[in-house]
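Accompanying notes for the structure given below.
Order of writing sets the chain letters: A, B, C and D. Residues in each chain are counted from 1.
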Amino acid sequence: MENLKALVLNCSLKKSDELSNTDALLKDFIKIFDSKHIKSEVIRVVDYNVAYGIADDMGDGDEWPKILEKVKQADILILASPVWLGEKSSVSKKVLERLNGSSSETNEKGQPIFYNKVAGAVVTGNEDGAKHAAGDLIFGLAQLGFAIPPNPIAYWVGEAGPGPSYIEAEGYKSEFTQSTIETASHNLVHLAKIFQEHPIPAEGNVSE
Amino acid sequence: MENLKALVLNCSLKKSDELSNTDALLKDFIKIFDSKHIKSEVIRVVDYNVAYGIADDMGDGDEWPKILEKVKQADILILASPVWLGEKSSVSKKVLERLNGSSSETNEKGQPIFYNKVAGAVVTGNEDGAKHAAGDLIFGLAQLGFAIPPNPIAYWVGEAGPGPSYIEAEGYKSEFTQSTIETASHNLVHLAKIFQEHPIPAEGNVSE
Amino acid sequence: MENLKALVLNCSLKKSDELSNTDALLKDFIKIFDSKHIKSEVIRVVDYNVAYGIADDMGDGDEWPKILEKVKQADILILASPVWLGEKSSVSKKVLERLNGSSSETNEKGQPIFYNKVAGAVVTGNEDGAKHAAGDLIFGLAQLGFAIPPNPIAYWVGEAGPGPSYIEAEGYKSEFTQSTIETASHNLVHLAKIFQEHPIPAEGNVSE
Amino acid sequence: MENLKALVLNCSLKKSDELSNTDALLKDFIKIFDSKHIKSEVIRVVDYNVAYGIADDMGDGDEWPKILEKVKQADILILASPVWLGEKSSVSKKVLERLNGSSSETNEKGQPIFYNKVAGAVVTGNEDGAKHAAGDLIFGLAQLGFAIPPNPIAYWVGEAGPGPSYIEAEGYKSEFTQSTIETASHNLVHLAKIFQEHPIPAEGNVSE
């Protein structure tokens, strides 16, 4: 059995020279992948020059193709987003738009290329909005052809109102958040392993 | 100047013989209405036999017409909802559906009957989901013809995960929640008072 | 291999003595299940006296337990909803709330009882709102423990504005809608069959 | 009475050297503003180098301050967005994030700077998603301090599935879409005029 690969796109508004609360939560996520011998890579999307548009390559220095190539290689995709105004980040929506640009591309069986990949979401915010953010991400990914395991999200948010975010609030001490990390990471791996040996048959889902 | 009336529809899943966390937050809201001499009434919607459907009266013992009559008399409407699965309650969606049943009814100027009424939302939950719930309510009300003042919502939710709700968590001690109550209640009254003397003209918004 | 069972909960606001546009679309869905020897049952939820609340049985003539029993027997669950005000129906939200009441119940391995079941959504409306409705349903189901196959929804809506619904508009003639029916029904069956022989292992997802 | 100004931020993914369907709908919107002597300006946001982040000026060539200055001068703000994957564009979310960066700035009375401005939304897509997109925009704007008139949105989308967009589909022939343009534009002007003479009093909404 080939090794599974996980790709995490951190859709923070901040480049990787700044601390990301979402990254902090992702570290615990990745630990579980490590323990299960899943190779993983975390990318801060805003480190790349990703163009606006709906195409696999928008030209003019567009660096999305580099990220897309990693998505194609991955068995597990996680979109991670901070919460702003109770919603997912603009960066994460741009990622969905760019993935959409490849939704008519097919694999060797004629299925959309994201078939037999599994997806989940990770969200952190200082308050309210994790499920709204995660729900939009999960549904976008399902529409694009990813499969979604049970309990596919891990998140932390604080009490209503301004306040410290994950790192400062020591969100990692939340038993609940740890349990969402544990469940989501395991279920992503479980489903990816199942698909590795038993992929979704090319019947009823093949473009003509 | 006639006295203004506010109607609050508490869309809790629990009848009024059970304690509602949303009601607890509403009490502070109403206090501000009282201080400004706004007559207010809070109704627990599930105390009434409200039918499913899109019509002002579904017959067969449907008690929605009693509530609708109060909405028609009100200058200010507040939809209050608990959070379940990160979203507004099914009861609050039913209220929007029933209000929709009167959306083609017009006032004496030919505008939809909810014109020149103002609306807001109040949400409580033990965790995450207040803005998602409030946003759906606010937008539904705006589509139906209500006007929305700035900062039209008051809410409290706790940290991610299962935990105590508003009353037990002493959410009323949250300065942030108190500030949302203060601002939303004042702005609802301000806009209702402005409309009382300066209603939206019947131009461009009149059915033919 | 045991035969698979599919349960469709039609969350129309209308009882089954009235024509449901959503039912019309569901007929084509079921045809594909029939062709694949999947036993299926369509239930109009409002035919039952389903109480408000978050518990598996609210007592007092609550008929949810009858529906819940069917959900427990099913391998595939489809929530079907009309669109009102651009959103899923209040009935469909009530179904999510009631399913939530069983989310801490576990199977013999200690996983939530909806594990190893797959879920999808079907939506019809005269205009705009299908994806918003479907997205909320899909994400609610994923949170509760259902697995979601790729392209898990089938839908039809007409052009913006009031207009005929599915039956009158002959939505069944839409090639696009037929392709969503084809893909969603096949993928639900594919994933259910995979789980039948290769269920999600009880590791990382077991309550203690 | 000073002349009113309207600013429209077209959040298309395409720069202004490409045809935007949303722009086509906006033209009819602007005609009504013209007829009421409202000065208006339409900006294609992606023509500007708008940085990611939550601050009024992110530095490093960030051109958001130019747009923000226009927002500050405007009495009416319209966010216009195409639909992608059933949701508003990533560009429109970025605009909300950047506006959020000024939400603690206050006017001379101590109210948030967006008070006494009114806001609406315009959406076009080839299919399904207009209300979901518009609802998120409207609620975001209300949270930031804009007031929302009744029926604050104008939109067009076609029947479910791929198909022509506004221009090619001759969406301008839709009586419904024209009526949403008529109503939204008039109500935005009505409310802006009311606020010009009767602004929201600085009571209960002033930062200390």
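We adopt the following convention: a contact is a pair of C-beta atoms (placed from the backbone, for glycine too) under 8 Å apart; a residue touches a chain by one contact, two chains touch by 3 or more.
In this text, all values refer to a predicted model and were calculated from it rather than measured experimentally.
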Winner on C-beta contact pairs when A-C is weighed against B-C: A-C
From subunit C, the most remote chain by mean C-alpha position: D
Gap in Å, rounded to a whole number, between the CA centres of subunit B and subunit A: 36
Computed distance of Cα centres, subunit C from subunit A, in Å: 25
Separation of mean Cα positions, subunit C and subunit B [Å, integer]: 30
Residue numbers of subunit C (touch at least two other chains): 85-87, 131, 135-136, 143
Contact footprint of subunit D on subunit A as seen in their complex: 13-14, 46, 52-54, 84-91, 93-94, 96-97, 100, 136, 140, 143-144
Complex contacts: residues of subunit C adjacent to subunit D: 85-87, 127-132, 135, 155-162, 171, 174-177
Contacting residues of subunit C [partner subunit A, same complex]: 32, 112, 114-115, 131, 134-136, 138-139, 142-143, 145-153, 182-183, 185-187, 190-191, 194-195, 197-198, 200-201, 203-205
